[in-house]
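First chain A sits with chain B, and in the next complex the same chain sits with chain C.
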Partner chain A sequence: MPVLISPAEREYIINGVDHNIRADGRGRLDYRQIVIETGLIPQASGSARCRLGEGTDVLVGVNVEVGQVDMEGDDEVIRERKSKRGRVICNVECSPIASQQFAGRGAEDFNNELTQTLDRVLNGPQGGLNLEKLCIIPGAECWVVNIDALILDYAGNLLDMVFITTRAALHNTKVPKTIITKTEDGLEFDFSDDMEDAERIEGWENVPIAVTLSKIGSRHIVDATPLEELTVDARLLVAVNKNGKICGVQKGGSGSIEPSLLNEMIQTGGTIGQHVIQKLDEQLEREEKETSKKIVRNESVGKLGFFAAI
Partner chain B sequence: MNVEFLLPEAHQNDDDDVEMPDVSDKFVTPGETISVNAQYMRSHGTFSDEKDGIIKSSLAGKVEIVNKLISVRTVHSRYNAEIGDLIVGRITEVAQKRWKVDINSRQDAVLLLSAINLPGGVMRRKTEEDELQMREYFSDGDILAAEVSGTFQDGAASIQTRNHKYGKLKNGSFVSVPPSLVQRCKTHFHVLSCGVDVVLGLNGYIWVCKHTPPLQDVDLEAIYSNENEPISDTTRESIARVCNCITSLARKFMIINDSSITLAYEASFETQNVD
Partner chain C sequence: MDRRRIPGPEASVKPIIERADDEDTQHVAPLKTIDDIRQDGRSLDKIRKAWLAPGIITQANGSAYIEFQGTKVACAVYGPRATKISAFSGKGSLNCEIKFAPFSCQKRRSPQRDPQEKELSHLLFEALAPAVRLDLLPKSTIDVFVTILQNDGNGSCLAASITAASVALADAGIEMLDQVAACSACYIDDEIWIDCTLREEEHAQGSLVLSYMSSLNEITHMLQSGEISVSGTIRTIEQCTEACSKIYSIMGNCLLESVRRKLEKDNTLGGLNKKEG
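So, the complex of A and B:
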C-alpha cells in the first residue's frame, strides 16, 4: 500500500471530489461493492466475512462462552447493575499480510484504536445488544460475547467494514438456551441440547454500524480508498443504528471541521448509515432464506468461505 | 448514495479441458517434479536432490526451458528489472545525489542526479547547487516514468529519465497490477481514442492521465511542475473508466496492452451504469 502521495495526485483527488467524480468513477456518497457471507466458520457461534471492492477484507468471528459477571467498580450502584449483565469483549487485529504498514509492530497502535472504537460503541447503552438478557445467574454467571475481527486485506475504509461485518456476524450468532433450576445451594443451570432452541442475542438488530466521512477539500466523502485517505484533512466516524439515530461520533485526522459542515456530515452519516443497514439486512435475510431452503431440501449448505472467486 | 451487497461467487473452471502440451508450457506447484532427465540444468525457481538429480519446482508458475536450462517463472512475483524496460515508479527517498524509487521490485531502484534532465540545457554540468535543489525536481511521493538503464551488483535497478518522454507524471491517477500481466511492447505510451493517455510500466504500475500533445520545445520548468492542468468532467470520467477497466482485466488475469484496454473500455459501456 502506498504511504506516499504526489502533489499532483493529491490535487487530482481533491478536484475530483469537488466535481463529484472520484478516481474510480464513484460519486461522493457511493460505496464500493460489498461482498458478504455469513456462517463460514463452523466452530464459531457466529461469523461473517466482508470484502469491499478489490481490497479490504474483514473476517469477524463471534464466540459466546459462560463466564463470571464483571463485579469491579467502586460505585455500589454500578456494581449492582454490572452484576446483572452479560459482557461483550471486542478485539480487532490487523494481519501483517494485509498491508506493509501492519508489518512488525506497526499495527499495534492501530489495533488498539480499532478495538477501542468498536468496544466503545458496542458496550455502551447505545450498543443495541440486550446485555441483561445475557445474564444467566445474576451476580455469578453470564454469557460472554467475544467479538474477534481480523483484517485480512486493506484497501481503505476499515472501520466501516469492521462494523458492518460485526453486525452481520451478530445476526449469524446463536446462543444456546439455558435452563435454570433451583437446588439447595442456590441456582444452577444447564444447556438445552437442542440446537433448534438456540436463539439470537436479543437486540442484535439495534447494533449500530459506523459511517466514516472523510473531509477532502471543502467536501466530504464516504468509503475512501487508501490514496484518498492520504488526502484527508479530517475524518468523522458516525455510528448509526437502524432507526437512523446517532450512536456515537468520533473525529480523527489532523485537520479541522467547521461547525456547519460538522452538522451536515453527521446528518449525511445518519441517512447513509440507515440506508446501509437496510440494504445489509435485506442481504442477510436473503442469505438466510437460501440457507433454510437448502436445509429443507436436505442439500448441503456449502459456504464458500475462502474459496470464493470474488 | 449507493451501496450494494452481494453474495460471494464460486470460481468458474471453464478451462478444465485445456490440454497441457509439453513440459515447456507446464504449470507447476512447489515440490512438483519438472524433469527426471539428468541432462537438464536447473535455474531460478527450481531445486534438485543431490542423490537422484530430479529437478523439482520451488515456486508456483510456468516452466520455461531455454536449451537445457530449466527455470520457473511465477505469475505473482515482484518485478525483475531488465535493461531498456519502461517503468513507472514512485520516489520514496531523497538521498545524496540520488533518489530511491519504488518500482514494485525487491529493492528500490536508484535514480542518479546525473541521470535526469536538468533545466538549462542537456549538456549542463551538475553543480553543488543542483544537489541542494534535488527536491525541486523530484520529491517524496512523486510519480515518474523512467527507463531501466542497468542493474547493480546487489540486484537493484538503476533508472534514468534523460528523454523528454520520461519524467514526472501528473493529470491523472495511478493503478497497480501484477507485473506479469503487462505485455512487453514496442511502445508503452499509448493514446486511447477516448482522449486518455496510458503509461504501461512493465513493473505493473500504470499511469492513466489526460491526453497532452507531445511538447515541441521542451520547457524544462514545466516538466518538474506539480500543477495539474484543468481537466474536464468527461475526461475525468474516461480516466476513471479506463482505470476500472485495467483493474477488471487484472482481476480476471488477462493480459494488459493498449488493445485489451480499448476492448474492455468499449465493452464497459454495455454494462449498466449507476448514474
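So, the complex of A and C:
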C-alpha cells in the first residue's frame, strides 16, 4: 500500500483520466475483473469471498444467532415497531496481512470508519433485509445477523468490494427454521434439525451494494487503484439497490465537489451499481446451480486452498 | 465500564414517568397539520430558529456557540500549533473531535469516546478540510473541539457542529477559502423535511446532511441514508443547498458583528489594534 505519490505520477494519472485511459488500460467507468466464491466457511451460516483484479481480497462471514430484540426509543410507536424486528450487526476488520498499515492500533480508526459506513447502509429501512421475518417471538427473541468482513489483501476500492461480498454472503446465508409452540408460560420455540428446512433471509435481493466514484481533476472514475486513490481529493460512495434506488451517499476525502458534478456522480453511481448487481446475481445463480449439481452427484462441495485460488 | 469514574450500578434503566393526560395527547399528535405546518409552527422547508455567537470561550483562539432550538453545540479552536510528531508534512493537519456531553441525549452517554463520536469527528474533518488553507500551515496542527450540549436530532447535531466549527475557525483568524454552512434533512412519507427534530427523525425513512460553501458553490460533505430515487436525491440536495445559503448569511452577519464589537472594544480601551475609520 503506497503512502506517497510523486508530482509526476500524479500528473500522469490526471492526464490519463482526462483522456479516458488509465494506467492499466481501463476507461474511466470500467471495473477490474471480480472473482467471487460463496460458501467457503462451514462454521458460518453464510460466507463469500471476492477478489478484485490483482489485489483486494475480502472475505465475509455471516453468522446468525438468537438474541434479544432491541426495545430502546422514546416513542411508543417506534418501540412497538422495533420489538417485532431482528437485528443486523456489521463489523469490518482489516487484517495486518493485507498491509503493514493495518497492524496494531493504526487500523482502528480505519476499521471503525468502514464499519460505520457498512452499518449505516445495511441497518435501516434501505438495508433490504426483511427484519420482521427475523423476529422469532415479538418483544423477546429474534435472530441477530452478524456480518463480519475481513480484508485479506489490498489493491484499492475496498468499500465497493466489502458491499459486493456482503451481498454474496447474504445470498449464501441460511437461517434454521424455528417452530413456535404455545405453553402455559407463553411462547416457546425450537429449531428444526433438518438443514434442508433452513431458509434464505427474506429480502437478500434488496441488499444494496456501493459504488465509489473518485474525483480526479474535473472527472470521476470508478474502481480506483491505490495509486489513483492517492491522487483523489474527493470521493463519493453511492449505495444502490437492484431497482436503481439510492440507498446512501457519503462523501469522503478532503476535497469538495461542485453541485452539478455531484448530481452527475450520483446518477452514474446509480446506473453502474444496478449493472454490477445484475452481473453479481447471474454469477451467484450459476455458482448455486453448480453446487447443487455436485451435491446430487455426491461429490465434495468443499473448496481446496481457497485463498490461493484466483 | 470505568469504575474509577462511574460509581453507579452496571446497568440502569430510565424511570417510567407517567404522562399527564394533556401531554399524552400531544405525544400521539401528528407530526404536521394538513397544511404542512409542523409541531413547532414552521413549514417543511424552514430551518429552526438559529442563534449563533462567535467568541464565547475566553481561553480559545476562536470559538462559537450555535443553537437550533433543541440542538445546542459549542465549539472551540486552538492553534495553529507545532505538530508533535516529528515526520515532516508540507500541509497542516486539522484535528477534529466531537464529544457528546453525557447529559446531551435521552440516554446517558458514556464520558469515554464511542465509535459514533469517532466517526462524527472524521466526518467533521472531511467537511471542513476543503475550506481550510492547510497548505499555508506546514508542520502545524489546528485543534477543533466540539461539545454537543443538547441533542435534538442526530442530523442537525452534525450540521450544527460543522457550522459552529467553521465560524470558530474564522473567529480564530485561520485562513479559509470560504465559510462552510451545513444543513440536515429527512424524508418522511415521500416528503422532504428540512432540519428535523429528534421526534421527527424517528419517523424518517432516510436522512441527509449536506455542507456547502455558498460563495464558491462547492459541496464539502454529503451523507445520505435511506432508500430514495436518483431524482429525489438531487431535489433534496437542491433544497439543502438553499437552506445552507440562508445559514451562510447568518454566519456572515454574526462574524461581522463580532469583529465590529471587538474593534469598538479596542477603541474604547485605546488598544494597540486601534483602527481609523
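We adopt the following convention: the second predicted complex is superposed on the first by the 305 of 310 C-alpha atoms of A that agree within 3 Å, B and C clash if a C-alpha of one lies under 4 Å from a C-alpha of the other, contacts with A are read in each partner's own complex, and residues count from 1 in each chain.
The working rule: contacts are C-beta pairs under 8 Å (C-beta built on N, C-alpha and C of every residue); 3 or more make two chains touch, one makes a residue touch a chain.
Just so we're clear, the structure is a prediction, and the values are computed from it rather than from any experiment.
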| item | value |
| --- | --- |
| Side-by-side fit of chain B and chain C on chain A, or clash | fit |
| Partner chain in contact with A:25 - chain B first, chain C second, else both or neither | first |
| Partner chain in contact with A:120 - chain B first, chain C second, else both or neither | second |
| First (chain B), second (chain C), both or neither touched by A:7 | first |
| Chain B, chain C and vertex chain A (Cα centres) - angle in steps of 10° | 100 |
| Contacts of A:34 with chain B and chain C, given as first, second, both or neither | first |
| Partner chain(s) touched by A:244 [first = chain B, second = chain C, both, neither] | second |
| Touching partner for A:258 - first (chain B), second (chain C), both, neither | second |
| After fitting on chain A: smallest Cα gap, chain B-chain C, Å | 8 |
| List of chain A residues in touch with chain B within their complex | 2, 4-9, 11-13, 15-16, 19, 21-27, 29-31, 33-37, 51, 54, 227, 271-272, 275-276, 279-280, 282-283, 286-287, 304, 307-310 |
| In the complex, chain A residues that touch chain C | 72-76, 78, 109, 112-113, 115-116, 120-121, 124-126, 234, 236, 241, 244-259, 262-263, 266-267, 270 |
| Chain B to chain A touching residues, read off their complex | 1-12, 90-92, 139-143, 168-174, 226-228, 231, 233, 236-237, 239-241, 243-244, 247, 251, 274-275 |
| Parts of chain C lying in touch with chain A, wherever the complex brings them together | 27-28, 106-107, 115-116, 118-119, 122, 125-126, 129-131, 199, 202-203, 205-206, 208, 213, 216-230, 232-234, 237-238, 241 |
